[in-house]
Amino acid sequence: MPYVNIKITKEGVSKEQKEALIKGTTQLLVDVLDKSPATTFVVIDEVDTDNWGIGFEQVTEIRKAAKK
Amino acid sequence: MPYVNIKITKEGVSKEQKEALIKGTTQLLVDVLDKSPATTFVVIDEVDTDNWGIGFEQVTEIRKAAKK
Amino acid sequence: MPYVNIKITKEGVSKEQKEALIKGTTQLLVDVLDKSPATTFVVIDEVDTDNWGIGFEQVTEIRKAAKK
Amino acid sequence: MPYVNIKITKEGVSKEQKEALIKGTTQLLVDVLDKSPATTFVVIDEVDTDNWGIGFEQVTEIRKAAKK
Amino acid sequence: MPYVNIKITKEGVSKEQKEALIKGTTQLLVDVLDKSPATTFVVIDEVDTDNWGIGFEQVTEIRKAAKK
Amino acid sequence: MPYVNIKITKEGVSKEQKEALIKGTTQLLVDVLDKSPATTFVVIDEVDTDNWGIGFEQVTEIRKAAKK
């Protein structure tokens, strides 16, 4: 009965990509720990790039700098 | 000083239902553990049905299948 | 398919009290949102009183002051 | 490699305030624990005031009462 | 820069199994979203079976019933 | 009424260091957002180095490699 929470930045992740994350994570828990898929939850949180910081910087600013 | 996080799918939960979850959870912590309501937090996260998976499937798809 | 995380300080909570929290929270989600108990998870985290702060203070110190 | 999650109510927090939270938290982890900023994540969740309860009440209602 | 939190019951998960979860999850984020492994965190929480409930029951009791 | 969760690896963090994290985080929320300390929670989770992965590796292994 695992619960997996995936936090990623909100940058145009498609429904199909979310499905791939859900399927892949669930399969991993089946393969590694023999968990039951019926009670395996995967919850994806998409976080605004203003709200995620790394190395003192907002991801919004990191993305801007990367484009220059 | 408990902190409770309730994650549910975003499917039209009303303000009154949220209030009922907050009141009920707080009362439970008072009744079972004698916690002070003044420092009991309840935070509700509503998750898009594309972003919640169970049994390899997105809840969006589970809801569609249930309607057929 | 709700997921509820209850964070409380680690101060001698019994197995029976945990069971009461699990049953009460699950019933609340059934009553308020008509959720299925079979896919309702309740996870309790017990946190060391050194690791929980409120009002600038560790709970360890708050408990000591309350006993004086 | 710390991960810090800051949950606050969604009440008009500016991009600059978020930046200040990210910079301040990261600096704190450098100062206290000598952590590397390059692998220090700060994630801010803004929560609707209907979805946050304290003392049995939704923050929405607490704010209304405070304005009277 | 994803952050993944895997919550599982504490039932003898080996260091190798944890490594497999970390490697598999990181690879999934590389494959699906082209994320950088260097800033992909995977954190595993092992939860006591008394502290995890599903369908009104503590996992401790579910495991006992399954052995009968 | 903010809630802050700091996740760090379990590597001998002292009670005084935890106190410094709690005080510093609370002060930051007072300074940046004018929050009330009385309803500001800081919860520190210490995670076993086997249970934290970054760049495909368990922190346990990263620490070993760094000592060579």
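Labels for the chains are A, B, C, D, E and F, by order of writing; each one numbers its residues from 1.
Going forward, a residue touches a chain if its C-beta (ideal position, glycine included) is under 8 Å from a C-beta of that chain, and two chains touch if they have at least 3 such contacts.
Note that the structure is a prediction, hence the values are computed from the model and not measured.
Within the contact network of the assembly, the step distance from chain E to chain F comes to 1.
The interface formed by E-F recurs in C-F: of the pairs listed in A-C, A-E or C-F, only this one shares over half of its residue-numbered contact pairs with it. At the interface between chain C and chain E, under half of the residue numbers appear on both sides, which makes the contact a different-residue one.
Here the spacing of chain D and chain F, counted between their Cα centres, is 15 Å. One simple way to say how far apart two chains are is to compare their mean CA positions; for chain D and chain E this gives 26 Å.
Per-chain Cα centroids separate chain B from chain E by 21 Å. Residues of chain D in contact with two or more other chains: 1, 3, 7, 21, 25, 39, 41, 43, 45, 52, 54. In terms of which chains touch, the assembly is arranged in some other way, matching none of the line, ring, star or all-to-all patterns. A list of each chain pair in contact follows: A-B, A-C, A-D, A-E, B-C, B-D, B-F, C-E, C-F, D-E, D-F, E-F.
The touching residues of chain E, counted against chain D in their complex, run 1, 3, 39, 41, 43. If you check the complex, the residues on chain E that touch chain A are 1-9, 13, 17, 20-21, 24-25, 28-29, 31-33, 35, 39, 52, 54, 59. Within the complex formed with chain E, the residues of chain C that make contact are 15, 18-19, 21-23, 25-27, 37-46.
On chain D, the positions that touch chain B within their shared complex are 7, 45, 47, 50-58, 60.
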